[in-house]
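So the structure is just underneath, and the comments pick up after that.
Each chain gets a letter, A, B, C, D, E and F, in the order it is written, and its residues are counted from 1.
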Amino acid sequence: MSSFSHTDDKGKANMVDVGHKPLQRRSATAEGFIRLSEHTLNLIRENEMKKGDVLTVAEVAGIQAAKETSRLIPLCHPLQLTKVDVKTRVTETGVRVTAMARCTGQTGVEMEALTAVSVALLTIYDMCKAVDKEMVIGEISLIEKIKTDL
Amino acid sequence: MSSFSHTDDKGKANMVDVGHKPLQRRSATAEGFIRLSEHTLNLIRENEMKKGDVLTVAEVAGIQAAKETSRLIPLCHPLQLTKVDVKTRVTETGVRVTAMARCTGQTGVEMEALTAVSVALLTIYDMCKAVDKEMVIGEISLIEKIKTDL
Amino acid sequence: MSSFSHTDDKGKANMVDVGHKPLQRRSATAEGFIRLSEHTLNLIRENEMKKGDVLTVAEVAGIQAAKETSRLIPLCHPLQLTKVDVKTRVTETGVRVTAMARCTGQTGVEMEALTAVSVALLTIYDMCKAVDKEMVIGEISLIEKIKTDL
Amino acid sequence: MSSFSHTDDKGKANMVDVGHKPLQRRSATAEGFIRLSEHTLNLIRENEMKKGDVLTVAEVAGIQAAKETSRLIPLCHPLQLTKVDVKTRVTETGVRVTAMARCTGQTGVEMEALTAVSVALLTIYDMCKAVDKEMVIGEISLIEKIKTDL
Amino acid sequence: MSSFSHTDDKGKANMVDVGHKPLQRRSATAEGFIRLSEHTLNLIRENEMKKGDVLTVAEVAGIQAAKETSRLIPLCHPLQLTKVDVKTRVTETGVRVTAMARCTGQTGVEMEALTAVSVALLTIYDMCKAVDKEMVIGEISLIEKIKTDL
Amino acid sequence: MSSFSHTDDKGKANMVDVGHKPLQRRSATAEGFIRLSEHTLNLIRENEMKKGDVLTVAEVAGIQAAKETSRLIPLCHPLQLTKVDVKTRVTETGVRVTAMARCTGQTGVEMEALTAVSVALLTIYDMCKAVDKEMVIGEISLIEKIKTDL
């Protein structure tokens, strides 16, 4: 039966040794969603029309958060990201955030993509909280994870 | 019609001026959920029985993330938190995280509570990702927000 | 003859004691400039017309940098900023950045305003460096500094 | 006509993909200047004679800031610097700061050198602001940028 | 029997609630020692004579570390330090570091003073490690802790 | 006579150039000790029996601190750690902390191991300071340092 990689046989926390794994091209894409009221969605659309900043601030916050992942998640390894892309899309019921991260390294970048999505969603929450008391963040999951040899 | 507090009349990003608001006792509680497979839940319960660390690491990561909120969310004000509490509870289908933050300040602490929940959930995701490929993080929302005069 | 507040009588570095100063409302405004080529300025104007992000990313970076000031400047005191505003303006020869910071505290916020300006200018440099090899950052100075009793 | 590497065809912010570029030895040197009053310059010279710390604190702050570059500039890639050197030189009218950064990586280190210069200059500003109200920071530019194959 | 303030009755980690404590002037002084070889001590004395930087870099690192305390120690509250002072003194057998921290706050600053001492000592270790393989850091303890009403 | 690698011939601080050194597998182990009262040791043992968190929080803080080393120690190079392990052991007179760090890089990881030990010990100090006024941290030293060719 498979077991946690981040705990030893006594169940104690453990940063896994990735030192003997080969360098590979790693890519991961994650997404998530924030449910917003009709009123808030109209304000966001209006802000977009005025060339306003709401969604751009969220995207920038997501990119920066990807670079903070190993400082936020205690057992994550530091990685040198070669690309991060965070995109937002207004839907009928909220905003969907998609983040893609890439690196050449010894371990995967899914936590970086998931952290970017989470912080971008929190940033939208922050910017809309004065007008919307019913927001819910959810559906945060990994969409794709790829590794290819150099 | 109410509008965003974090954008000016041209829709540009803006850190709201809270300098003239009174100091008040502020408290906020948020929660969220990560859906896990039966197998993963059994491993977590077993880890708990062995006095293992999985949920403690998530709680500690959440507490620390609350203190990072204003660095992660671009338009958040820095706050001096006087208390943070993060708790995890294993359910039939996953783990529920609840976070409470408090400060005496000029603006609310809901973003701190929500950030603590989000990072605790990401930490659980990180520790379980070797054994569970179907995890989804969601239901992140504010449960309670209180302000009382000094 | 007046002398440095940040060094003791042997000339050694020293974080000044501000603990006995009264709490006051503090505000500071700083500005700076980045000289750009005609070609780069056209690209920035075009980006603005497309609702692009160049100047917004710089403004967000400046706001976030203001919150990092006491971590970047060794003898700066940590402050709880109550407002930060960073604005960019395209001129005939480059981009002018203005930043305003406010707090209620025991020491001034000019370093926060100056740090916001500097990092916003560096961010513009970063985004334009693929197309402009002649950029110069300068004219960074304090425009106004105000303190008022509570 | 060349265009911004950090924006996509809609003008949206974008951390460029450097994952397919070869590892190369990268080096960059930047400089900048802070204009100081005669009185302040005399105090700095006197501090130097007393083996005081003013310029050393600025140099250390610059070295540390170089390591923070990817956290301050939103679209900068994280890099593993192999060397940073920051030097200050008192002139007739102020202090000139020169910074050199090196790494073996897939993208250049000019932003690291420029950030080191900017933060060293801000640190001098901070240490002199009690005695000099006319300081101006400027002339921040790239002096040299080298890449060589491994 | 007195018990830990940082754990609840189940022994789980807990950031103590200090929100109802009065604001007081807080001060703490800590010290520590690094044992060095005769050869290393001679190099440090020579560096001092040349107006070199070894001990200044350690003092600056200590001041900056004091400001990082709540980010390094998971259950520490964020504080607004009003003063930090770190001093080093070469003895017959090593270097003694003393750090003093002050704030006006609801909880003490001993962890800030102890963290400043620890990081200043680690910085000396780092700068001497090429020449001294027998260094030991120790005797880190609190010397004095004061609180006075406003 | 050997001299400091981190200072130039004028004794000025200097981040050593490691860019021409080969990539090697690096490993370092450090340890340290905190002396605790009989009463405090009993509380820690009791906390362990209740599956409490005191020592786990210290271990997690140590792992995270290892990743912060180059930000705390001014002349340390940034490294991509591939493994960190921090363990605590209750003795008759206190708690012993051992930390091991590994990377594949151009310079050693002893500062990372020593920083992990120091911050884990400070975290124990923080959690026990309400009940123990006589704690002393010491005996922090390097136990082993290994480099092997790839």
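As a convention for this text, a residue touches a chain if its C-beta (ideal position, glycine included) is under 8 Å from a C-beta of that chain, and two chains touch if they have at least 3 such contacts.
Each chain and its UniProt protein: A, B, C, D, E, F = Molybdenum cofactor biosynthesis protein MoaC.
What you are looking at is a predicted structure, and each value in this text was computed from that prediction instead of being measured.
J.: By label order, what chains touch chain C and chain F together?
T.: The shared contacts of chain C and chain F, listed by label, come to A, B, D, E.
J.: Check B-F against B-E and say which one is joined by more contacting C-beta pairs.
T.: The greater number of contacts lies at B-E.
J.: State the superposition rotation angle between the two copies chain B and chain C, fitting on C-alpha atoms only and giving a multiple of 5 degrees from 0 to 180.
T.: 120
J.: Centroid of chain C to centroid of chain E, CA atoms only: how many Å?
T.: 30
J.: Using the average of all C-alpha atoms in each chain as its centre, how far is it in Å between chain A and chain C?
T.: From the centre of chain A to the centre of chain C is 29 Å.
J.: Between chain A and chain B, what is the gap in Å from one C-alpha centre to the other?
T.: Whole-Å distance between the two chain centres: 15.
J.: Could you say which residues in chain E touch two or more other chains, in rising order?
T.: 12-13, 51, 53, 56-57, 59-61, 64, 68, 74-75, 79-80
J.: Linking chains that touch, what shape results: line, ring, star, complete or other?
T.: Graph shape here is other: it fits none of the named patterns.
J.: Each pair of chains that touch: what are they?
T.: A-B, A-C, A-D, A-F, B-C, B-E, B-F, C-D, C-E, D-E, D-F, E-F
J.: Would you tell me which residues of chain A are touching chain B in their complex?
T.: It comes out as residues 1-7, 10-13, 32, 39, 43, 46-47, 50-54, 56-57, 60-61, 64-65, 68, 72-76, 110-111, 114-115, 118-119, 122-123, 125-131, 133, 135-142.
J.: What residues on chain D touch chain E, complex-wise?
T.: 48, 51, 53, 56-57, 59-61, 64
J.: Could you pull out which chain A residues touch chain F in their complex?
T.: Chain A residues touching chain F: 12-19, 70-71, 74-75, 77-80, 105-106.
J.: Using the touch definition from the top, list the residues of chain B that touch chain E in their complex.
T.: 25, 56, 59-60, 63-64, 67-68, 79-85, 87, 102-104
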